[in-house]
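The structure follows.
Each chain carries a letter (A, B, C and D) given by its place in the written order, and its residues are counted from 1.
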Amino acid sequence: MEKIRLGMIGGGPGAFIGDAHRRAARICNDYELAGGAFSTEIEKSRELAEKEGIDMARCYKNTDALIESEKKLPPGRRMQAVSVVTPNALHFTQARALLEAGFHVVCEKPMTMTVGEAVELAKLVAATNLTFALAHTYTGYPMVRQMRSIIAGGALGTIQRIDAQYYQGWINSVINGSDSRIAGVWRLNPAHAGASCCMADIGVHAFNLIEYATGLEVSEALADLSPVKDGISLDLDGTVLLRFAGNLKGVIRASQVCGGEENNLSIAVYGSKASLKWSQENPNLLHMPSDTGPATVYRPAHSYNSQLAEQSHTMPCGHPEGIYEALANIYKGAAKSIRGEEYIRGEFPTVLDGVRGMKFIHAAVASNKAGNIWVKV
Amino acid sequence: MEKIRLGMIGGGPGAFIGDAHRRAARICNDYELAGGAFSTEIEKSRELAEKEGIDMARCYKNTDALIESEKKLPPGRRMQAVSVVTPNALHFTQARALLEAGFHVVCEKPMTMTVGEAVELAKLVAATNLTFALAHTYTGYPMVRQMRSIIAGGALGTIQRIDAQYYQGWINSVINGSDSRIAGVWRLNPAHAGASCCMADIGVHAFNLIEYATGLEVSEALADLSPVKDGISLDLDGTVLLRFAGNLKGVIRASQVCGGEENNLSIAVYGSKASLKWSQENPNLLHMPSDTGPATVYRPAHSYNSQLAEQSHTMPCGHPEGIYEALANIYKGAAKSIRGEEYIRGEFPTVLDGVRGMKFIHAAVASNKAGNIWVKV
Amino acid sequence: MEKIRLGMIGGGPGAFIGDAHRRAARICNDYELAGGAFSTEIEKSRELAEKEGIDMARCYKNTDALIESEKKLPPGRRMQAVSVVTPNALHFTQARALLEAGFHVVCEKPMTMTVGEAVELAKLVAATNLTFALAHTYTGYPMVRQMRSIIAGGALGTIQRIDAQYYQGWINSVINGSDSRIAGVWRLNPAHAGASCCMADIGVHAFNLIEYATGLEVSEALADLSPVKDGISLDLDGTVLLRFAGNLKGVIRASQVCGGEENNLSIAVYGSKASLKWSQENPNLLHMPSDTGPATVYRPAHSYNSQLAEQSHTMPCGHPEGIYEALANIYKGAAKSIRGEEYIRGEFPTVLDGVRGMKFIHAAVASNKAGNIWVKV
Amino acid sequence: MEKIRLGMIGGGPGAFIGDAHRRAARICNDYELAGGAFSTEIEKSRELAEKEGIDMARCYKNTDALIESEKKLPPGRRMQAVSVVTPNALHFTQARALLEAGFHVVCEKPMTMTVGEAVELAKLVAATNLTFALAHTYTGYPMVRQMRSIIAGGALGTIQRIDAQYYQGWINSVINGSDSRIAGVWRLNPAHAGASCCMADIGVHAFNLIEYATGLEVSEALADLSPVKDGISLDLDGTVLLRFAGNLKGVIRASQVCGGEENNLSIAVYGSKASLKWSQENPNLLHMPSDTGPATVYRPAHSYNSQLAEQSHTMPCGHPEGIYEALANIYKGAAKSIRGEEYIRGEFPTVLDGVRGMKFIHAAVASNKAGNIWVKV
């Protein structure tokens, strides 16, 4: 089958997230990397292009140049989709330009800087009927997908509590380091990161995971955010109380100052009959404690899983797949959409998930600024 | 060594907590059960006394009768300490009467119904110089004690976040059962349980664990509590945001409606250099993830532990001790105090811990009632 | 209910196993410690008696003195059962004397030094109709009992492989220490320990656990044992291949030189339909992986467990009980037998389990001596 | 950088191991798939070639055709390396032909059917100076590599026991199914699988892992193998006692009939000072229990790991990589060797590891056939 010709904005030498996207695209095997504007410095961009074996004529100096040149190529050679893996502040204008020029887009999160931008992108996607996939990578794990399927099937009874956590500790060495060290981290700079560091970077993953796994929407949030250290202007830590329709409540806890934590994203959805618990650092287990019998533990590559979960794992059981494969599953879902094939809702996050994420981030920031009051999401 | 003569109020046939206290007292081997008022029904009280092999003359109809009769006995026969293991609403008057009559007291938690009562008890304990031990059983685990010792030693650096959880699911079958089932549970009745169900029953354990392990005091709380189901008048679920001195924030999550959870009390204390994580359902492990090296895992019965931790485990390493032994450790600490022996602060929770607990419960309830605002603890 | 009057041979000051037996007896609450010969040095024996609050007249200088004096007491005062917690070499003569004098016996393992002695004890128990309980403590854990119940119920299908392990590391510091350190450890001295160190001390627990959990008998063994270090005369490490009736095979691995292991006794029984896995260091979980669905995890204090398992756990679910409670369950079972009450086979290990254990130890030693050949068990 | 042109023998549509090799090659990004003989049926081979986007002229009917045609291509177009992912019986002749024709080889395990063939291949590799990488995938995991580095550094003290396990249950449904089901599994047919099923398929992985992690050689083996069911002619289960130089002993346990086990490969190496334990189903943890302090737990992506381990993980810490990435690490190591770059011994298994593996398999079979006696490896 012919590969989808993929371009990339960002992801130059040393940028781990761009490398992750390229690996994921290669794993799923539906794409070939056709070109890109990998860096604001053209030499670095070319260094990457050479390493990847890309035609140097398709190594562009920026997004505009990429669009202009690619549009001149015949349809059978032209890029079909472009991955946007630049810092937060650039996502919106780049994604908008690409969509307007007719390219499908895979975009890193958070999708934009403001809710308004997010809504504008969503309208554009609706108008153009292009595929827009947002890299909420964790929704690509088979057991997260199984969680979604089980909950959709009603096995938990009434959902009575939702609790999600995303704890890291990596920023400790930054904030306890020198001032120049702090100045060198773009996530700590509102101009590049937007209104939030912790919530925009990782809290939004916990939020997305809740809405993905349960199919429910958070209606209101009350946030208590903290810069942790004097002199830091964005949140590095926070707790967000959640309300859903009915009596349901929940909580998101996110922090980048939890010394020794690596990438501890976890979710628990508690029901009247049973519950589901999943943790990203051991992603191939899905725990289902129950009120009425022994706990059960789901694992990938078994016929007892849903189709959505099973098609997301390719090795036989007991052979652990990891985060690259999770992202590859999202690329796989996007490829189906790009090709006009049928796919299951949940195979990749869309622009609407991006809108929800921006609403969450801004509700959290607004709630905190107003003195920890309830704000609509 | 002569045993301490112990009485008991409550703990009749079928009451699991009274049985737990008797077992704990036997395990630590510093007490003999001399008598008690085990039930409001004297026949049941006698049934228990007979099973325990207690002199029927010391099986009393109530607290007053116990006090009156025991005070007439010669000092060498008279009870020295009394365990109060009745429902919440009775703790205060019984404990006060016992203290006023000169008995040392071991009391179940929550210590009282109001902060005022708690403060009154604290004054009484100070005035009488008697021993008052509160059954915050989880502080009896060796690895909780090791946690306290490590934090006191400063190994975590600056504490940057505190997160404690107490999740259970047992009340699901009650609230999703019949009305008469609900009516039969005293914890759901404000007259017997006080202002709170979930926070008073289990949230307070998480609170106590935080203050015990870190040596810090919670300064303010913002609570979002939920009765979960229409028709329930007390909280069965809640999240409480916490503030401490300085920039430090934290969170307590507690719920009795987490389907399939058993007794999932966990605490994580995150520092700038390293962190500590402990979970009650696997109590003999203490995890210490670190920013600067591999994680370490502490276990009991090793010379690398503190004296406070080591004297709290009697078997050789690898032989798991459990919750009865944790409670026995508290009885052991109280026995040292009763006998006037030296002990380490932290060997048993005192009346002051009880005051703190009542302040927490009432701050949480007040915050929730006022629309989720910050309240001093 | 009147307590069973219990005596004890061995278990003087500082002996941890005697202390464990006394705690277990107190936890189960069916016994009172009436006296004993706690040490070969009468001063030490008296020190223990005083600490335990025992009538000094019943603190005896040795087993013979105990028997002689106790037999003179009226039946209503006389000891009914005696715990033998001395070094291996003494079990046989002490237990025999006690049985011949009409006392019920609780005995530490290994039961005797030779198979002949074990068989003689078994005959004596049969002839006297007295209760003889062997302290295979691990069979007192609720989840081991649940394992036995599940296997007896046939849920595993055909058993196809059995694997048990008992790894410790405590002897490392001894054998890598000074010669005098080695000389001071009686387990390394054939005169006191018998034909084996590792297999007699811990291998036999793994063996007993296999026969207890599965209800099957090992028919043959091929052992490869190792003293690990030059100058040591007994095995500190070994692997024993097992054969059962039919095509079934298995293996026992035991070692005391596994640096950093604590008390890692584990068993896995693999069936054609499902399997069961249990580990002593996390005793309240029983894992049941399955060929036909998600794994299940059993825990104590649930109505889905068998009666044998459920009566072996007294706290509500999620409150971990440990090794003292396991031993208390064995004392509880023995108490039922002593009192002539009904009990379930499996509530305590009997003299026949002791005979099996001795056969295993001697088969392993004989196989190893003969150059690793198959020997009947 | 120019990609290495890779061919493949085997790995047609539906063959999971061929797909795994292709993914691994894509992940490591040093190869491009240039052609192959993917199936004995040319239509299937073409189906695969089309799916992969391969020039149909380089889709060959068999190994000979591939060699003949590729050798005619100019050096700059010709395949440089070929992956052999066919059933066991074909590895030897295919690998030999490829080496003789000057191609580097990546080969699935077991490398050959006999020790003689293995030795012949080793001589050929030595004579040609070509790269030969054997797919002992598990040695590609970062934490296995860290284990090797730690042991090489001497941190364990004297190694005193080695224990490796590989348990699966997948063959249960085959052997408990119909005769035709059994006939359809080539691993059960000696003509295709060789002298062994279980030991050749998975036992050899455990063996390789031991020699890889410790740097020690197994000197002798005593095996007890079992076909488990009447009518099966090869081993599906077995235990192999191991001897090393000095007093060191160990054991390998392998089985394909452990109901509910998935791919449970584990290794423990016990030393006089500390030990290391790793398990394939949770591959990003390396446990190091110790005699002298708390246990430590290593994880990937930390500067405390060795270079060999660190270069084998590309994501930041806490982002789990899995088995595809492990195989990719082996392809990466082979690529370095093919390109003449420097690499660390241990980056990929060589033909000598294949010789060792064949010696182990045949020693195990010979020992079992001779009645469980010691055989040199």
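Operating definition for what follows: a contact is a pair of C-beta atoms (placed from the backbone, for glycine too) under 8 Å apart; a residue touches a chain by one contact, two chains touch by 3 or more.
Since we're looking at a predicted model, the values are computed, not measured.
Colleague: Common contacts of subunit C and subunit D?
Modeller: A, B
Colleague: Give the label of the chain whose average Cα location is farthest from that of subunit B.
Modeller: D
Colleague: Express in whole angstrom the distance between the two chain centres, defined as the mean CA positions of subunit A and subunit D.
Modeller: Each chain's C-alpha centroid was found; their separation is 35 Å.
Colleague: Whole-Å distance, subunit B centre to subunit D centre, using C-alpha means?
Modeller: Chain centres of subunit B and subunit D, defined by C-alpha means, are spaced 54 Å apart.
Colleague: For subunit A and subunit B, let me know how many angstrom lie between their CA-based centres, rounded off.
Modeller: Chain centroid spacing, subunit A to subunit B, equals 42 Å.
Colleague: Residues of subunit D that contact two or more other chains, please.
Modeller: Subunit D, residues with two or more chain partners: 261-262, 288, 295, 299.
Colleague: Note which residues of subunit A are touching subunit D in the complex, please.
Modeller: 1-3, 16, 19-20, 22-23, 26-27, 29, 32, 50-53, 168, 170, 261-264, 280-284, 299, 301, 314-325
Colleague: Can you name the residues of subunit A that touch subunit B in the complex?
Modeller: Listed in rising order, the residues of subunit A that touch subunit B are 156-157, 160-161, 163, 167, 169, 172-173, 176, 222, 224, 226-230, 237, 239, 241, 247, 249, 251, 253, 255, 257-262, 268, 270-275, 288-291, 295, 372-374.
Colleague: Mind listing the subunit A positions that touch subunit C in their complex?
Modeller: Touching subunit C: residues 288, 293-299, 302, 304 of subunit A.
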